[in-house]
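Some structures are shown below for you to check.
First chain A sits with chain B, and in the next complex the same chain sits with chain C.
Our next item is the complex of A and B:
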């Protein structure tokens, strides 16, 4: 049985590597809380390459404007249709920000319309329980970015399955720290990341 | 001593006598071959009105004329007349019979299987409640097959018969239970089966004591599950329970690490080799399963049949155990088939392969249907009800025979002609 590999999508525009510690942190959480075989290091895969299909879970983040190439759009379309799971997070936490405006356009163009994920969705109970929907980040609570609390996530569906999950809660900042520093937190804030991975692996 | 002239006269008398005897025998034969007193013979297109008439005034015997085998309604009516004392016979143009069968497909969501049997060369038109579905000519094998889902009963109209058929029972398949570790293999196997119409329940282990569940199935028995797909070696399935499930008719597919599950070993005592890598680049080629890592499977129990091989080594093995069936597939990470980037048909191939494996073991539940009017094999049903037919144009006696009537007539004519010629040559009128 192959291991779960946390893969980060590398795209040609923008800054795809803006949250370099997120993969290691989530890999640590998956190994810590679950018995899912997980590769100890993540992978980086160009979105324009068909190699992206070898990794059915992809993480994509950034601050800067995003314009996917035709090849990248084609890969995303095929990836979602075949059962891949793409998690995109807005590293700006700003609905007026360049990343949000451009990436949502690109998502609709490549994958289809974005719909709200209701708070009772299986995503919020796939491993840990989040009865109030997506957990808020410290960046939202501290009033950074657009100074808003975003109560819901958005998604592109294939059937009733989330194929692409989009967040503008800035989990990229929230989870971008060395895993060893979890011991200083009373509650591990990466637990929702485990839910996302478990959902991707089981639905 | 008789003169030459008196001998010739004697010969003329003999010839005249032969002619008279031949004509007499011919007349008697024709008299006997005609309908018996009180026998009513009717053509197929007049059978409706004849049945009404025979019911009002029953003849001593009646014969339904040559043509297609009588329909079920006519057959029942003729049978009622026979039981009322009338001798019923029927004629047919051929004794090959025609039959039509409609069955549900073995996989959920697929069109039904329709099969027609008749004499080679027979033209047939397939229809359903909404009208014509297809038409064709029966080939040399005498069989035709369609994949379609007719609305209501299907009928196959030909010159020989008009059989009508619909599925006698519905092939209801209970859910398939997928057991495994949370991972890409379980996710994509579930997706493939669901996309092909199966109802899938799943128990995917995420952590000790944490299981992601899908669907309503809570126990493994043939009243709840048609097949179990086992994808890992650690799922908490007890061997005796799984063994009883298979013995009772349930299906089991063990794949990847699932081939090494103790419960599977207890059932098929399969010896699974260590993993061998797939052929580099084969995932993009015409035989993509060659690109998967595999384990050779050698079943220790008798009766195991290799279904797929890599080289000479069996990698998929099937076996009947009790009333159930087991397939052990040594392929690993079959989800890679679906995500092969170059081939556009990769998802459908992956779907079809998994669906066929599960279909080959799944226990179907046959539910009788209210099928209404059907007449699947009119010829056979008529033979069953009224006995064997008289072949049209044939004598009541079986076997080939000489054309006696023609011979007798020719003999009479030849005798008279010879007698007349002899008299004329003698100078007598």
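Our next item is the complex of A and C:
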């Protein structure tokens, strides 16, 4: 079995590389909690290239408005239809922000309608248990954050499988730190990332 | 008859021969083109009739005129005709030209009169016309038999040109698909199709073989026949048809394409409104589009007055516009509330409607959502929040330099198709976005380097100062010098270096470059020259990228290239996962199982009897057409075509199989590895 490579999607518009430490952090978490063979470094793959189809999991984030090119849309469509899992996270976590509005439009155009992921979905129990749905980030919580809570994630389905997971909870900010710094946390906040990857690789 | 009269008579004959030869050659060329076009049309399965006629007429004209011009040369003058006669009648001994020009001795006229050159003229005419006439007859014969020859050629060329090649036992058919007249689409001629996608109301007629008849393969829901034995009127339901001629037959499935109603979007007013006073004017705006073409669009309003159980209604239409078949269109209008005679408590409902070219059924009419304008009652003024219609929402987001480049590139591409006013408006809009972004950059740079932390004075909103030139306050060098003074030099110590520059310079130089390039790009955009704006925009983006790298180096250091020591951290996490048991996939339903079983039979037949497999696959596809995606339906059609042509149907079959679902079945017996045999 070939090892899992954490791939970050590079797209033309916006800032695709706004969370440079997320890949390493999740790679560390996958190794730390699971026995999934995983490559020690991630890969960056242009979304306009068919190389994206070689990776079972793609991570996409950014702050700025997103407008996919026709090639990028075509790759996404093929990627979702052929069993890939695309995780898109809004690095702003605001309400109706530029990234959110544009990327959701693009998601619908490229992949199909977004539906809410119920809190009892298998995504929340694929490895760690999250009975209350997606964990909140420190940017959302009152006191630390701005109290803008996004209680649910959205998804594009292929059959009963989540093919594209969309979050505007700003996990990109939450997880973009060096994995060595995990030792300072009482609770590892990347555990939900493990769930996402495990779900992507097993469904 | 004098010598001159004889020469003039010959000249007339030669002119007629030249005209006849040119005509015959021209017509031959036209027929030849028609033969080629007919063969190509049948091989490609398209119509192209109009194109064929145009090419044939053009070829005829060009060939005929060229030939006549060649024969005529400088003109059919008397000396030239005389020379031609001298050349073809040696008995004249080259005396004709002299005789015609006059002034020669009388013996000369007598010797010329003694020579009869009419046999030479007839021989020349026969020679000039014989081969062209033979060619004309050959081309005509070719054209007559081309319809019979084309299928043979099609079969020979089928493998290399993608033309369906009938497998043994299947009927070769040609179908003419005539869309309904309102659609204004071309007639299509299809050769051996597996699937015909046609607008509802189209007529599918068998043009070859002549004695073929069409019958429903299996009656699925009582589809009525609405046309003759060799044709089929496309209805709303997909059908499988069997085309028969003698003992041979072919299965053809029809995918009906419904004509969608126009899609109408009301742009203005943007939302419902409550007004205190029934006066003023509302601006109306709407966009409409249709798959085949718009006929007309207008705004409809309904005024409802009254209260309790007593209401009166009045309606009307404004802003009507005819489109004549364009795919998209916009309408605009103004609704004067004063002219409607509204009273407190009245409602005005406004919507936009559009009709497409069909215009004969309710589904051909599309409508936008309705906006309601209400006039507040006198007694509720104190408690009702009066909200005016909101202006159209403006995009307040700052666009990235990459996005601005994308927009500008798109504008440059569209430039040949848009008028000057649109170009100026769009270029100006991008320029204002560029100015906003430049303002962001300036806020960063100027607040660090200058005395004014608020940065430059912003002109991105379009306002100007009389008599003042639009330019940054300081040059880059001045700003960098200020940076040095304000930070490193003033502090008297160097904190860090990148190359041979201090960190402050390394950070700020590319930002300043970006800032200046943005100025340059913005200026070009304001002057409606987007193509000239692109180079500085590219350079600004490059400078921003460099600034980002420098920024990280200076402020927080570059993010380390994190290589995870997987072996060291493997399973060292504080927590242990407790994944829930995966739920088994739902077993396939009866219908899905039946479809999978039919598909399995198709696959089983594919090698032994591809024609039967293709037929079965097409029937399965028709039955599932509403339940599978268009891509899967297309894959099934491609697989059926591939089976009929003897090609690899694997990819199409695989795609269609995926669309059929997982097909998990619950086994009644224990599995083999359970230990029980």
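We adopt the following convention: the second predicted complex is superposed on the first by the 197 of 203 C-alpha atoms of A that agree within 3 Å, B and C clash if a C-alpha of one lies under 4 Å from a C-alpha of the other, contacts with A are read in each partner's own complex, and residues count from 1 in each chain.
Here is the rule we use: contacts are C-beta pairs under 8 Å (C-beta built on N, C-alpha and C of every residue); 3 or more make two chains touch, one makes a residue touch a chain.
All of these numbers come straight from a predicted model, not from anything done at the bench.
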Q) Is A:34 contacted by the first partner chain B, the second partner chain C, both or neither? A) both
Q.
In the overlaid three-chain picture, which partner chain does A:21 touch, first (chain B) or second (chain C), both, or neither?
A. second
**Q.** Between chain B and chain C, more extensive residue contact with chain A
**A.** C
(Q) Looking at A:202 after the superposition, I want to know if it touches chain B, chain C, both of them or none. Which is it: first, second, both, neither? (A) both
Q. Once the shared chain is lined up, is A:105 touching chain B (first), chain C (second), both, or neither of them?
A. neither
Q | First, second, both or neither for A:127, with chain B first and chain C second | A | both
(Q) Quick one: is A:78 in contact with chain B, with chain C, with both, or with neither? Answer first, second, both or neither. (A) first
(Q) Output check: A:53 vs chain B and chain C. Expected answer is one of first, second, both, neither. What do you get? (A) first
Q) Given the touch rule stated above, what does A:13 touch, chain B (first), chain C (second), both, or neither? A) second
Q) What part of chain A is shared between its chain B contacts and its chain C contacts? A) 33-35, 81, 126-127, 198, 202
(Q) Per the contact definition, I'd like the list of chain B residues that touch chain A in the complex. (A) 181-188, 191, 202, 204-208, 210, 212, 214, 231-232, 256-257, 332-333, 335-336, 338-342, 346-347
Q.
Taking the touch rule as given, give the residues of chain C at its contact with chain A in the complex, in rising order.
A. 397-400, 402-403, 406, 559-566, 569-580, 582-583, 585-586, 631, 661-662
Q: Using the touch rule from the top, collect the residues of chain A that touch chain B in their complex.
A: 1-2, 4, 33-37, 50-51, 53-54, 56, 78, 81-84, 126-127, 198, 200-203
Q. In the complex formed with chain C, which residues of chain A make contact?
A. 12-15, 20-21, 23-25, 27-29, 31-35, 38, 40-41, 64-65, 67, 81, 97-98, 122, 125-129, 159-160, 178-179, 187-188, 191, 194, 198, 202
